[in-house]
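After this come two complexes, each holding subunit A, first together with subunit B and then together with subunit C.
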Partner chain A sequence: MTEIAATSTENTRLQRALGVLRDVMARPSGAIGLTLVTFHVILAIISPWIVPYDYRAMDSLSMLNGPSGAHWLGTDHLGRDVLTRVLLGGREALLVTGIATPVAVIWGGLLGIFFGLVGGRLDEVLMRVVDAFLSLPWILKMLVLIVTFGTGIEVLIPTLAFFYGIPVIRIARAATHDVVARDFVSAARARGHGRITVIRRELLPNVLDTLMVEGAMRWSWMLLAFSSLSFLGFGVSPPTPDWGLMIADARGFMSFAPWGVLGPVIALSSLIIGINLTADALAKALGIDRAQKAPV
Partner chain B sequence: MSALIDIRDISVGFAGRDGRTREVLRNIDLAVTPGECVGLVGESGSGKSTLALAAMGYLKRGLRLLNGSAAFNGIDMFAQSRQELERIRGGQLALIPQNSGQSLTPTLRVGAQLGEALRLHSALPADRHAAKVVELLGHVRLPDPESIVQRFPHELSGGQQQRVAIAMALAGEPEALLLDEPTTGLDVTTQAHILELLRDITTERGMAMVYVSHDLGAIARVCTRVVVMYAGEVVLEGSTRHVLKSPAHPYAQGLLASIPKLDDTTLPIALDGRPPAPGDAGAGCAFADRCALVRDRCRSTRPQLVPSESGGTARCFFAREAGRQQGRTIGAAPVRFSSGETMLDLDGLSISYARPRLLDQLLGRGTDVPPTVDDISISIGKGETLGLVGESGSGKSTILKTIAGLLPPAGGAVTAGNQALPHAVEQRAPGQLRQIQLIFQNPDDSLNPRHTVADILEQPLKLYFGLAGDKLRSRSAEILDRVRLGAHYLDRLPSQLSGGEKQRVAIARAFAAGPEIVLCDEVTSALDVSVQAAVLDLLNDLKKTQGTTYIFVSHDLAVVRALADRVAVLYQGRLCEIGQTDQVFEGESHPYTKVLLGAVLEPDPDAAPTLAADDIVERAPPASGCPFQRRCPRRLGEICDTDTPPWQSPEAGHFIRCHISLEDLNAA
Partner chain C sequence: MLMRRLFLGAITVWIVSVIIFAGVEVLPGDACTAFLEREAQGKLLENCREAQGLNRSAAERYFDWASGAVRGDFGVSANGQKSISELVGNRLRNSLLLAFCALAIGVPLAIFLGVVTGLRRDKPVDLVFSTTAVFAMTIPEFVSATVLILVFSVWLGWLPGIVLTSAGAQVSEFFPEIVLPVIVLGMVMTAHILRMVRSSVIEVMAGEYVQMAILKGVPYWHIVFRHALPNALLPAINVVALTIAWLLGGVVVIEVVFNYPGLGRMMIDAISDRDLPVVQAIALIVATVYVGVNLTADLMTMLLNPRLRTHALRDS
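Let's look at the complex of A and B:
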């Protein structure tokens, strides 16, 4: 047999992760997306130390002022600095979704893998329950819970994690079905490996790729949901700055003071676009063609 | 006559990771005149499909035209606008792809799809389309075209889908057809029928055809001229007779020698090594590394295509010598063991996929569906190789799965080495599990893409022998060496291996357990012929050293002939015939065996297949009588439908299950 020239013979897990990262960065969508996400995350961490003003400081003399040397993005209807509030406005959203996303992917993923493995009639029945759940508008379900249990992080995180884990069940189940049907699983069973070994060694590594991409997608959806809740007044409570809340507050003055809306909108959409681009590049780097899958 | 398809000096390439342009096609000329069928052959990766698609002005994503032109009917295909290409493609120039089941729209009825092809590519008025659709379906010899019109693609068999694809290609009254492996993946009988159809269509319509295939048997049947490709170059071109009977290039010879032939009882000769990756061919001849005739000159200078004395042109300095080499080498003889001991015994095995319906379950009724596999009793001796043959759906793989414990049987017993095996794999003892190993058809599917070769080999070693640490590693390397792969393969992932290397790893995994019985499920059908020969050789060698018992499932009778001691012929999950290989292949045989043998294609332009039975596909076995009753060309009458045929034995160890008397079977 001839040698394969210049193939890396190191195939450890770290090597693979680095390889995937390199592949993501080599794609334009991945490079732009990952840069945007990293920028937002770093900003969220260091923003309390770099903001020019106190986010609560009102100034009755300069309300709804346009951008100037003192206030780069102008001021809002209470005379607070918009730049300060935009810089701080993503912290809450990133914290809540940053915790809720992994929780959603883990519980949804585990349940999905379980359904996929069990198969048969139980799986069919349970999946119809999942379908019924998905058919309700998300905002309705979420508002019911929030109205019942109140707002605040301790309610928002489990609520988002719960609702956004349900579509993950579907994806994980489908991925499991795909892998279970493949011959290497049959081969492991025929050798006589235990069920747990087959799941851990043969199934999980292959399903995890799909779950990772799915997690990135869920994250962007969840950010949008969190901001929508804030917009409606069920998310972050004032005076804590939040993009959704800021858009809600400033939208009344949009016709003559558009900077109040523009700042948080650009911040929020750049983060969401960044996550989506990263997810896209990640899917391609991992060889999962998301374009062919249903958007549920 | 002027050429209809005229490709001149074409080079196609892609930008590699290092930024260098890597050529997939290198300076190829190809001209095809009306009424001519040109076959493009070569191993996978030789550029044959790329060349055929380039004739349509189409390149796969990432590929670029580097040089040359492709003209159709005098029109430069790479200079046309999108609209112009759309008009020509599918109309005057049609493509029939490999897997037409995937190229038909699943949600459209056959009639609607053909109607659309007519609307786009035919001048016929719309009110005559319906009649034309039926006519086209009749033309491709589909039985009962009026009812086919109403069906969806998934309701048709693979062969029928391929016929619909051909009908669709014919809808625009094309002047030229491009066929990309149109019969790969079909049963032998279906393949033979499709090839006859294609032959007749070309002669009737005087079309130009480009036929891409790795199967020289198919090429021999339809093509008038053959172009052999290697590493993106044409290495040999000539009439089918010249190329197949006196190939003037060592590569073409190697390819021919690697094909198992029905009348050959030795193993085919493997073509070692593999072609250079695109762009990696050095200054000399691309085939130099694998060539038996290689001299210094071959490594430094690239040979040109020159006329050879046997006709045609060859890219070889020693074409004359190569021509004389032909037919000198003889393949290895298959290893034969003769011990009286029984290793594996299948007794009255019956397997059913049908699940009882809910209502039947509630009422405690069984299903009235006949089982998928029924009444299989075979006993296999220690060290014996049993070939299991039949068309797809005959239950070959199902039987292997049941022996391996993956699919519990509905009835019967499996005994291995005097021990009755529990039906389910979970209930089997470790020793019983180790004893039987299964090798799957497609290594892409049977090797976990996330595991390195070391991970893959260590699993059975840890499980059955409890090895760990250095011992585990050195044992893995040892096993890898036995399948002729070096220890440096241990840290590779399956995606970093070629198809043949992957299958070796899968074989190594099975042998790591030190099994007594190895079940081979179409282990070579996903591989190139040259690689297939190497894998067969390996299996034969392993049997020599390990004394393993094989059950070898294949739809390729020539492969079975080369390897098996005994052959069992299955139809619809029922045994038709069983006997020593020579008895089955040469003596009296069951009408179904005759049909199978007749459909085998030989890489010989003079050999014509005999098409005895229709190639219709049955979905379920008949409730009573002979399983082959509906397709049998020698049907006796009602007795075939009602009575299960008796076993008849013309010779010791040879059994045929048929109502026709042995004398009559012999006479035909």
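Let's look at the complex of A and C:
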């Protein structure tokens, strides 16, 4: 790994990425996980063109009807087609978390690497602030911002990206500490390279594996947070279809219309399970122990 | 070492209190605009701010609030005009009851399963439980709660799916309503601790002294219980303590789903009502609990680990 990082060209990097991908696909968890994730992503992109009904179309004559030929998954309490809303229900979640995850990993990762390398008084202070943020439950931190600034995706994306970047700082810093003590970093410093060069050429390639696994896990925690917020009524606003919101709406009619909750439950669970299986396979392929990481 | 941990813990709580106070300060609106809503203008707003002491400088109010909080006095809520300490008291007890029941079931189960999966690494037992654990900890609590209510309460009718007991009721009155919330929370906790224990066991079993003991012909179970387990469980305590704050986020969702009268539901209500004094108080309590749990975990590791114990004695 070290040799590759030190002498890497675009070509070898691409080859290594392909090798990792092949390794992930060779594992049962990776194959199943990646298939589920790909399926959900493709579905999110094409679903507006394949859904059988308009997701807003209410029908007061067929409310809470069971599964039938016309409505495969039945209808909800406003007479809307459940299948249509399940198919569309992951779009907002994937859009928000798909943008927020890379942003969180990048800002948290760079800050963590930088302070892992530089250390000193400022590093001490930053870690105390990170600790302080991590000692508050995610839901409290996020709700306070959301209630103040509104529930649109333009608020949710930066909020998620900000709070989920904070634990990444700590992970990246720890991973950097492992690398900084190694000879090739000392050698690079002895050659007189500046901090930026050392980070870019020596540290980043070596911390990247950890950040990739971290990113995959962050993504699943973010989905959990996003759908929980929707469920509590602080996420996507109706009538936009969203799994969390749909489960919240359908829960009241669960005793006689269970199809309303089962559709979104299966859809949301399969996506999250897919991401986690992929993250697991990726961690194993890259030789990183993901269980040691706290999902704060 | 111990003094240093205590000091760092205190610093963390202090920074949290500053973040909470500054956060509420920076956000638009205050307790009075939330309380008066549309009438929040002119004379009425002035009078309210006067009465609540919101006209003083931020530093002055922070000092008042923080010194009150240290004595357990969090002031009064914005709309109810009731003492927050009184409001929080029962709710905190209920949340702790929920967490305690979940831990009482989850910890022994997780240690047992963690050891089994760790020793049988990559065997079918391990694959089944490790994979189940990933699902249990990443599927949102509201999803698993909904499914469990559907199965055990709606279809089978074995357990109540909603808590109707009021906040101030006796502990015994929460049974059997508390069972389903405990199962949901316990599942997440078990999954979590199981994974920590498992990876810890794997690491320790690969250690040189365990290999040495195996070569010496020490009986397998003797190695596991006397040599490996104590060393494997110690680091797990710390990692588990670190995840407490994250688990508390799940407690909030579970309390809302089951209508459980705990601190989490109170927090959601307070945030929706923009009852800022209550939000501040709950945030500070939760952060203090988190820091306290982590300090206790540090202390436990120190007491249980002979190496750290001598260190601690020498240093202090």
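The working rule: the second predicted complex is superposed on the first by the 280 of 296 C-alpha atoms of A that agree within 3 Å, B and C clash if a C-alpha of one lies under 4 Å from a C-alpha of the other, contacts with A are read in each partner's own complex, and residues count from 1 in each chain.
Heads up, the rule we're going with is that a contact is a pair of C-beta atoms (placed from the backbone, for glycine too) under 8 Å apart; a residue touches a chain by one contact, two chains touch by 3 or more.
What you see is a predicted model, and the numbers here were worked out from it, not measured in a lab.
Shared-chain residue A:265: touches subunit C; no touch with subunit B. Applying the stated contact rule after C-alpha superposition, one finds that A:46 touches neither subunit B nor subunit C. Within the superposed three-chain model, A:18 lies out of touch with both subunit B and subunit C [touch as defined at top]. When the shared chain is aligned, no partner comes close enough to touch A:118: not subunit B, not subunit C. Using the contact criterion defined above for the overlaid structures, shared-chain residue A:182 touches subunit B, although it does not reach subunit C. After superposition on the shared chain, subunit A has more residues touched by C, the comparison being subunit B against subunit C. In the superposed pair of complexes, A:206 makes contact with subunit B only, with no contact to subunit C.
Across the interface of their complex, subunit C is touched by residues 29, 128-129, 131-140, 143-144, 147-148, 220-221, 224-225, 227-228, 231-232, 244, 247-248, 251, 254-255, 258, 261, 265, 268-269, 272-273, 275-277, 280, 289, 291-292, 294-296 of subunit A.
The touching residues of subunit C, when paired with subunit A in their complex, are 8, 11-13, 15-16, 19, 23-24, 27-29, 131, 134-135, 137-143, 146-147, 149-150, 154, 195-196, 198-199, 239, 242-243, 245-246, 248-249, 251-253, 256, 264, 267-268, 271-272, 274, 279, 282-283, 286-287, 290-291.
Within the complex, the subunit A residues that touch subunit B are 1-2, 4-5, 7, 9-11, 182-184, 186-193, 201-202, 205-206.
Against subunit A, in their complex, subunit B makes its touches with residues 273-274, 277, 280, 289, 401, 404-406, 425-426, 428, 430, 433, 437-438, 440-442, 445-452, 459-460, 463, 484-486, 488, 491-493, 496, 501, 509, 513.
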